[in-house]
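What follows is subunit A paired twice: with subunit B in the first complex and subunit C in the second.
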Partner chain A sequence: MSEIRLDPYISRYATRTQGMTASEIRALFAVANRPEVVSLAGGMPYVGALDHDAVAEVTRRVIAEDGNVALQYGGGQGHDGLREQLVEVMAAEGISGHADDLVVTTGGQQGLDLLGKLFLDPGDVVLAEGPSYVGAIGAFSAYEAEIRHVDMDEDGLIPARLGEHLERLRSEGRRAKFLYTVPNHQNPAGCSLSVARREEIAALCESEDLLIIEDNPYGLLDFKAELRTSFRELAPERTIYIGTLSKVFSSGIRVGWVAAAGPIRDKLVLLKEGADLCQSNLTQLVAERWLRTQAWQEQIATFRELYRERCDAMLAELSAEMPAEATWTVPTGGFFVWLALPDGVDARELLAKALNARVAYVPGGAFYADGGGQHHARLSFCYPPPDRIREGVRRLGEVLRTELELRSAIYGG
Partner chain B sequence: MSEIRLDPYISRYATRTQGMTASEIRALFAVANRPEVVSLAGGMPYVGALDHDAVAEVTRRVIAEDGNVALQYGGGQGHDGLREQLVEVMAAEGISGHADDLVVTTGGQQGLDLLGKLFLDPGDVVLAEGPSYVGAIGAFSAYEAEIRHVDMDEDGLIPARLGEHLERLRSEGRRAKFLYTVPNHQNPAGCSLSVARREEIAALCESEDLLIIEDNPYGLLDFKAELRTSFRELAPERTIYIGTLSKVFSSGIRVGWVAAAGPIRDKLVLLKEGADLCQSNLTQLVAERWLRTQAWQEQIATFRELYRERCDAMLAELSAEMPAEATWTVPTGGFFVWLALPDGVDARELLAKALNARVAYVPGGAFYADGGGQHHARLSFCYPPPDRIREGVRRLGEVLRTELELRSAIYGG
Partner chain C sequence: MGSHHVAVLAGGLSLEREVSLRSGRRVAEALSSRGYDVAELDLDSGLVPRLRQGDLDAVVLALHGRAGEDGTVQALLELLDVPYTGPGATASALAWDKAIFKGMCARADVPTPAWVTIASDAIRDLGGAAALEAFGQRLAGPLVVKPSQGGACMGVRFVDSPGGLHEALVAAFSYHDVVVVEQFVSGTEIAITILDGEPLPAVEIHPKVGRYDFSARYTYGATDFYAPARLDDATLARAEEAALAAWELTGCRDIARADLIVGNDGTPSILELDTCPGMTETSLVPMAASAAGIPFGELCERLVGFTQRRGGAASPGLDA
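Right after this comes the complex of A and B.
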């Protein structure tokens, strides 16, 4: 497009789109994926733990036996049989649902985008944990929502802080459209919201007439196989639930779903059809047959143990290698540890030095819409094997110690 | 959501979304899919003509040999190897391209949605053929664009009419953001734009500084295997090209692409990541291996012959069965015939009677954003076998003749 001035053509939406953060993260991953670098940056599930031959055979049979469906367009809501199986996946977590209420989406991310499209006008307020999932921040910001972060501690989002936000909104004569929360093994914090707090928050949302978007990619990956009552159970009328098979089966099939009743579901189907007509029938039928014919709960137990072992390796090495001023969360499950750097150390500035020392992480700023997270880093333990994780944490420890020595030399102890 | 008043939460976008047309079309297909009904309504490719065992084996090998990639997240732009193969598909039509300039999307529809998001603000003008593809009208309307239809004849969009639109826009002090066109075997009209007109239109767009979105799902399905110079060749700086494998391989894998250089491509990658992170690696690798290892051009020749035979069956039966006042297009390829009903017959009103007589079509109004198309119907010949097509056209002919007799009895000859 060398001869065309493009600016006059670009929409307000696209002018605004997350440019900075997204391209920075892309550049980061380009470096992080070099073989000599230990990447604690990515959120990729370890799909090497799947039985590839079993998946291959399931897939071959889907096409050989049901090719006219698998290779054809499907409906906007998603394949019936798959939706019935996804209800079973929710049931494994004690979450009730009905196949009619599910809309299949391209991973959880498309659910976030469609819900943003469904609910958000410019200037609308969204409440979310601080820190929160980068993909949700991007999706909601793109619709010009104002994201206000509610502080967390090791038991998750703090209800009193949510109350303060609601109070402030009332005093401004405004209200939030919804609360977005990842209650289980949160990305990036690794914490889970306590059940007592869930009840308190559900009651608050009830009294303020606030919708809840409950995003639950990691719920089945609790290291003690513990289950916590979902918002969908506590406040069924006002909770929109997002699930995905990306972390419990395969991220490469891009199968997620939104559970919501009545008019919200109907609107989501229309938005899904407008966005891409329909989900791939091939990947839907693969997921359906996997869940119907294979020991998927055992597969999840395998993943759970694998991630627990990697998490333990990371935590042990952090204890051994981090300077005393650093602190970190102890994950209940999932993929991530949230590291608080020693006072004054900026996570983005430190990243260049870390990459130089051949270790990568995601700077905390990516998980805030408001400039927060400067002194935090997300470390993931999902993908590299334990030895590499230990090596990565050792390298990071050295970078941090050098940094602190340098600061001490310049500014004094 | 029985207790919650939803209206205050819904965004302007979602309030507006194509409700009417989309849900009407859905209701239509629910009836059209009954086995006793001959559906000339759908646009489903006849995937029964694919060698399912070959696709199954390609897919099995993708997972068995490359499972760690196939089952994992991919990049936002799409898989490198697939993009290289898609360049070959374009080359088979004499269209040049480079893998770096392609962004893989969920079919052509996601390309339309992302381009709408990229370019359109409320009130922007889009020029499109009249009639035009229903999915494009939906996608652009949702961003509150004003779609102005440019008349067509059997040689496609009429350049003089385009000139008149541009003139009128100038006199209003406005300009269009882009021209959207399906130049080959158009959906729904079945016509192709002549090469002379392409040159004229490209020159007009050049002098008016208008972008061109060239949507080409059916180009390789020309009944005489004829190729026509693409806008991408005629006006490479200002053309954004949309391709898809839905009609030449499988619609169930949902693999499409947008070809656009430089900053547009970069923006599209960001929008794609925001919409759903990335395309399924599994379906991308299946498409890549299919194109790399199988005789895909022969497969397309098979499709082409199959559709030509079905089109011939439809045209012969239309000649035999339609009342003299009806006219129709003679497709150059693709899936559709555009039928002009006798004067005064409303296609939507007639549909109830047609369904009663067990034949379905899509009323022409779906293909206009401005209330046009009332007296037209889209008839598709892509899916039912020739015998069923003939039976469907016979039923429709009878419905029309009864309608005309009734009118004549009421209003006089």
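Right after this comes the complex of A and C.
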């Protein structure tokens, strides 16, 4: 028999892995990382703004002074001292908590995975903003959840739309397991949920007995240092809060956390132990010492100013370079601008042309579980310096202009 | 062979960078394990200085896509007098562009599905949109819309109804400014690798779901392959004949892979000729070599051997 079996294990995989296939879009991103390309794609924090010598010294002291702990296993809930420091990070945003409420995770992303494992059976409904964070979609989809997107506008998730979803679910005889939201400087939409809407949504979740997963990586990165009331404050008993040091210190250190009510926390500790026994003690102690001994709030102010400058560069260049029909969100913090492409232009199709013109973005489809986002693109301003951002937007503008000319000719527009 | 110093070129800025890197890594590992001194080089502005200081016996090309497969790098290596694997600059350029390649095949009566070529400039600047309806008169039934240049079937769209043509054109133009609209031929896809002028066993391709698209190509187990192909000898002979004719027409050497469709009526037609074919774990050339009893490492070693056999570099403009 001449059959060639490239994957002899294929009949053994779990059914849920069936969608895990090679993707053309993913392959295209290999080019985006080349220096010739201006990448407005990745959401990487600009860790170059950290004092690397200071981080090195903190790390050296952790090993020199606390090596036997740093190089050893730790507890499933995470290092006590670090959790105390993380409570301080939450407090800086006006969010209350106790070290005992927290479970340290490998970035906020592991929090999403563990929560998916804890709450989701196949077919369960999750409500999330449309668009929503791609990593959350991936995490919840891995547990075969059905993600339903709730429309947003410049003030974030629209409470009336949430109400409609809940109504529809009721008419189907179903319930959502939770609402997943990134209320501050949302990834990818770049907008924040207004305080009035937070109160409205908290009340709605209260009346509907709906849990809230509040994912807050960007709250401290408001350009004017404004803080917005957290769901954890508005609805403490039904909010599961996810925090991370990725955007305010280092993404490479992989320290995130979940703050939740005792019963949920205990389950998460068991799940965390099942997943990886414990968080790395070494990176936990580095994070703990960083927060304890360094002026981390000043560092955040530095990040804030740096990202504001980059965002301004992007917005100014978008105004100058985008065709009249394109629209975009105006962020007040965070990393992202959400660009609506004009005239039916498909962001996925356009990506090849953009890469050939040496600029990259993320097509909006990545941020929807239901095929939405086709005509949107996420532009990140967090990583390239302002002059590169301007150059990237110029290239994208040129790509869009030629695309519109072509479409107009083809469709007789 | 331990003294041989070779550089594997992979990556670059083409849209097929990732596939190329996978091919390159695999080739580099195979040659290293056979005692070669292997450097892995990416395509960037530092390439020429690195090649000059390298004292290389040969450059092994594992490049896919623009700049790597279209003759650009080949011409540069010829200029630098550096021996390299695979077809030369002219053969690469001829095979790379599907509109040119199909035109050459048609002239020489090598069967290839009927097609129409259209450039975005013609549509944008010359009012060519009005001529799009003529596609329907030239080509009947389902169509395949392909960027004239590019590989890994990126930007390829299948059009089953007339309404889908415009969208497919827009999508394909994103990859390249010239597009080939080809008659879809229903049948069995096969790939015939030609190694040093000799066909290796044909590989038959059956995607488990849908078409042999990017995901079907690069996901382990998404496609069933058979080598040799389960076709009768007469059909296989005709397919080999077409593949060899394409090899001759373009002036290939060392290695190339011809992709063909054997129609439901048993007629093979050539779709394209790949002069720098994929060498990844899911690629067709390694499968064909394996079916011929040639392990992957030996295949790579033979490619290096061809460059040594040629001796000095080719004269400028001459590929063979």
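Keep this in mind: the second predicted complex is superposed on the first by the 385 of 413 C-alpha atoms of A that agree within 3 Å, B and C clash if a C-alpha of one lies under 4 Å from a C-alpha of the other, contacts with A are read in each partner's own complex, and residues count from 1 in each chain.
In this section, a contact is a pair of C-beta atoms (placed from the backbone, for glycine too) under 8 Å apart; a residue touches a chain by one contact, two chains touch by 3 or more.
Please read these numbers as outputs of a predicted model, since none were measured by experiment.
Set against each other, subunit B and subunit C differ in how many residues of subunit A they touch, and the higher count belongs to B. In the superposed model, A:P217 lies in contact with neither subunit B nor subunit C. By the touch criterion stated above, A:Y411 is placed in contact with subunit C alone, subunit B being left untouched.
In the superposed model, A:G74 makes contact with subunit B only, not with subunit C. Once chain A of one complex is fitted onto chain A of the other, the partner contacts of A:L6 extend to both subunit B and subunit C. Once the two complexes are laid over each other on the shared chain, residue contacts for A:E349 go to subunit C alone; subunit B is not touched. Of the two partner chains placed around the shared chain by superposition, subunit B is the only one that A:K117 touches, whereas subunit C remains out of contact. Once the two complexes are laid over each other on the shared chain, residue contacts for A:A64 go to subunit B alone; subunit C is not touched. Touch criterion not met for A:P331: it reaches neither subunit B nor subunit C. Common to the subunit B and subunit C contact sets on subunit A are residues 2-4, 6, 9-10, 22-23, 26. Partner subunit A is touched in their complex by these residues of subunit C: 13-19, 21, 44, 120, 123-124, 127-129, 132, 152, 154-155, 166, 169-171, 173-175, 201, 203-204, 213-215, 217-230, 281-282, 287, 290-291. Taken together, the subunit A residues at the contact with subunit C in this complex read 2-7, 9-10, 21-24, 26-28, 30-31, 34, 36-37, 346, 349-353, 355-356, 358, 402-403, 405-407, 409-412. Taken in their complex, subunit B has these residues touching subunit A: 1-4, 6, 9-14, 17-19, 22-23, 26, 44-45, 47-48, 50, 52-53, 55-57, 59-64, 67-74, 76, 105-107, 109-110, 113, 117-121, 124, 135, 138-139, 142-143, 177-178, 209, 211, 237-238, 246, 250-254, 260-264, 267, 270-271, 273-283, 286.
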